[in-house]
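These notes are about the structure you will find just below.
A, B and C label the chains in the order they appear, each numbered from 1.
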Amino acid sequence: MAANSVQTWSPPKAGRWPLFGVFALLFLIGSQFVAFTTSPPDRDMGELEKILYVHVPAAWIMSLTFAVVMFYSLRYLWKGDERDDLAAASAAEVGTMFNGLTLVLGMLWGKPAWGVWWAWDPRLTSTLVLFLIFVGYLSLRSFVDEPERRAKWSAAVGILGAINVPIVYMSVQWWRTLHQMQSTPDTVAGIYVLSLRLNAFAFLFVMIYFVRRRYESMCLERAAEHAEQAKALGGV
Amino acid sequence: MAENTSELAIDARAVARRFGSRWVLRGVTMQLRPGEIVGLLGPNGCGKSTLLRIFGTLLRPSAGTASVYGHDVVTASDRVRAHIGFLAHEPGLYDDLTARENLWFAATMLGVGNEEIEESLARVGLSHARHERVRGFSAGMERRLSVARMLLGKPKLLLLDEPYSNLDAEGIAMMSGVIADAVREGGAALVVLHELAPAAGMLSRTVTLTDGKN
Amino acid sequence: MSMRDDFRRVRAIVWKDLTTERRSKAGFNGVVALGVTILLLFGFALGPETAAIKSAASGALWLAALFAAVLAFNRSYQVELEGGALDPLLLYPGARWAIFSGKLIANLAFVGLMLIIVVLVGIVLYQVSIPSTWPALLGVLALGAIGICTLGTFYAAMASRSRAREVLLPLLLFPMLVPVLLAAMQATKALLNGDLMHESGAWMKLLVAYDIIFLIVTHLAFEHVIEA
């Protein structure tokens, strides 16, 4: 059996996914609406607190995406199916996007709340570190042309990066608590929880949709490469 | 009449390999039987070295299959390695170690005893230089030392990439002798050649690659 | 193929890497010189008031060691890549992790020695006094070095064989080392001040956990990375 470069799979069909996308978008709009209308302004933050309904779920989903990257990377190393590599890469791209969103929103919250754009808040700082780890993963992919080498190396880097996620969070947290630093609030009051949960699910659906679409387009690209390969070989 | 393929030294079918968007090999099919010394010819850049590296498990084929003594080069690469001796274009030696130290390292990695080292050095005519650092070696001496290293593993199939380059008349005789010895004992050899001359008398046949195919 | 064979191979690679490094001379001295230079530059950046320099000493020490170590990591594969020696290395029988172990141990010796020299110079430059807790400090140096070298040796196996290797190695490595650097810097800082709050223990536990986790994962993943 030849190496990965012979395509033994057919590209995934879009199927019902566009419908799911519409559902995810509507769910998101609905959840944000619920959040805005049902939760009263926070005692300290005022209306600023509304940003948390995007910032906090985005952060959760970002960590989840790392887990997805790790899952598909492990699966790739185990089974050798290049589609798993493409799935991991799709998740990494979407994760980077959510990561960037989390950072920007965190800073937008921080400026009015702390008075500065950056105050070495433990969660925000960890997010920045993870953002850089994601960027490293994507850079590696862009520097390697050979599909199989790119897949193997990405899988290793993805797994190591994902394993580091909790360790990074812990170490940055300890670092800041030693020096008594104020952090983005852990909204726990009952009224907020429902809205947060709702939005968490909304973002989860959106993430799943984005990853799926990106995965489809990556598979199509790869299938095109395979077709070109078959042509070049003259049907051998 | 069907060949018992596990007896074939090399069995390659439609082997292809691409680098980025460039197709270097486009479907090579060939067989090497035990006892054969086959020359691999073709113009520069036609994929001779690439094909050799695929047989040597250093590269995976992009398409097609290849096996050495019945072992697939991709799925049973460790068994393939146990049977082959690979002589690359580059010597692949450690310049700051002496000849003997280079061979000691190879012997240790192979799991072969130290007695073999002196034997190998003598076979290639480098006994006198055993304590000299490779940095001071000529290209011909480096070539000989690479051969000595290859012989440590007592290989059955020799995969040689332009083995005669940089060798003087004595070296050429040594090289031909090494090939003949290996093949005599049931082995085989695939020799990438730039020109036929040094090996002319020895070859069973030749395979020529043009445009990545034979 | 037994474990004993693999351990023998590990030792052979350690010997080979350290011997070629020792005989080529240029490498180690250059890396140490770089570390000291960086210490000096940090001194300029933070000083000249001694209070500022003293409080930043542990951070500067570790960063200087890190930047110098990055050079060592790519170098450890360069010997193989330049002369085409990676091919024969991959053709030997036996487990791939043995190659990684050998290179890791050799890098550890190299970086460890460099680290000690840089720390001694740093102690002088930054007017830090050697604390009574110096045995624990040695422990932190060792654990930090292991963390840095494990991931450094691993990522260099890829970076050294790709385009833009000088950029790719730090880009991949530095964010991953954040826990090690934080823990090592904080523990060092605490110990240099006598560790009155007993902070260093927690950081050392983190270092141990990090080292163990990544030692295992890198050894398992190496074969996928070196063959490709």
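Criterion: a residue touches a chain if its C-beta (ideal position, glycine included) is under 8 Å from a C-beta of that chain, and two chains touch if they have at least 3 such contacts.
If you're wondering where the values come from, they're calculated on a predicted model, not measured in any experiment.
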| item | value |
| --- | --- |
| Farthest chain relative to chain C (centres taken as mean CA coordinates) | B |
| Innermost chain, where centres are averages of C-alpha coordinates | C |
| Between B-C and A-B, the pair joined by more C-beta contacts | B-C |
| Centre distance in Å when chain A and chain C are each reduced to the mean of their C-alpha atoms | 31 |
| Chain centre separation (chain A, chain B; CA means) in Å | 48 |
| Rounded Å distance, chain B centre to chain C centre (Cα mean) | 38 |
| For chain C, residues that touch 2 or more chains besides their own | none |
| Per-residue multi-chain contacts in chain B, two or more chains | none |
| Residues of chain A engaged with two or more neighbouring chains | 146, 148 |
| Residue numbers on chain B that touch chain C, as the complex places them | 53, 56-58, 78, 81-82, 84, 86, 88-97, 101, 105-106, 108-111, 133, 149 |
| Sites on chain C touched by chain B in the complex | 5, 8-9, 12, 15-16, 19-20, 23-24, 79, 83-94 |
| Complex interface listing, chain B residues touching chain A | 14, 16, 18-20, 23, 26-27, 60-65, 74-75 |
| Contacting residues of chain C [partner chain A, same complex] | 151, 154-155, 158, 162-164, 168, 171-172, 174-176, 178-179, 182-183, 186, 199, 202-203, 206, 209-210, 213-214, 217-218, 221, 224-225, 227-228 |
| Partner chain B, residues of chain A touching it in the complex | 1-3, 5-6, 145-146, 148, 229, 232-234, 236 |
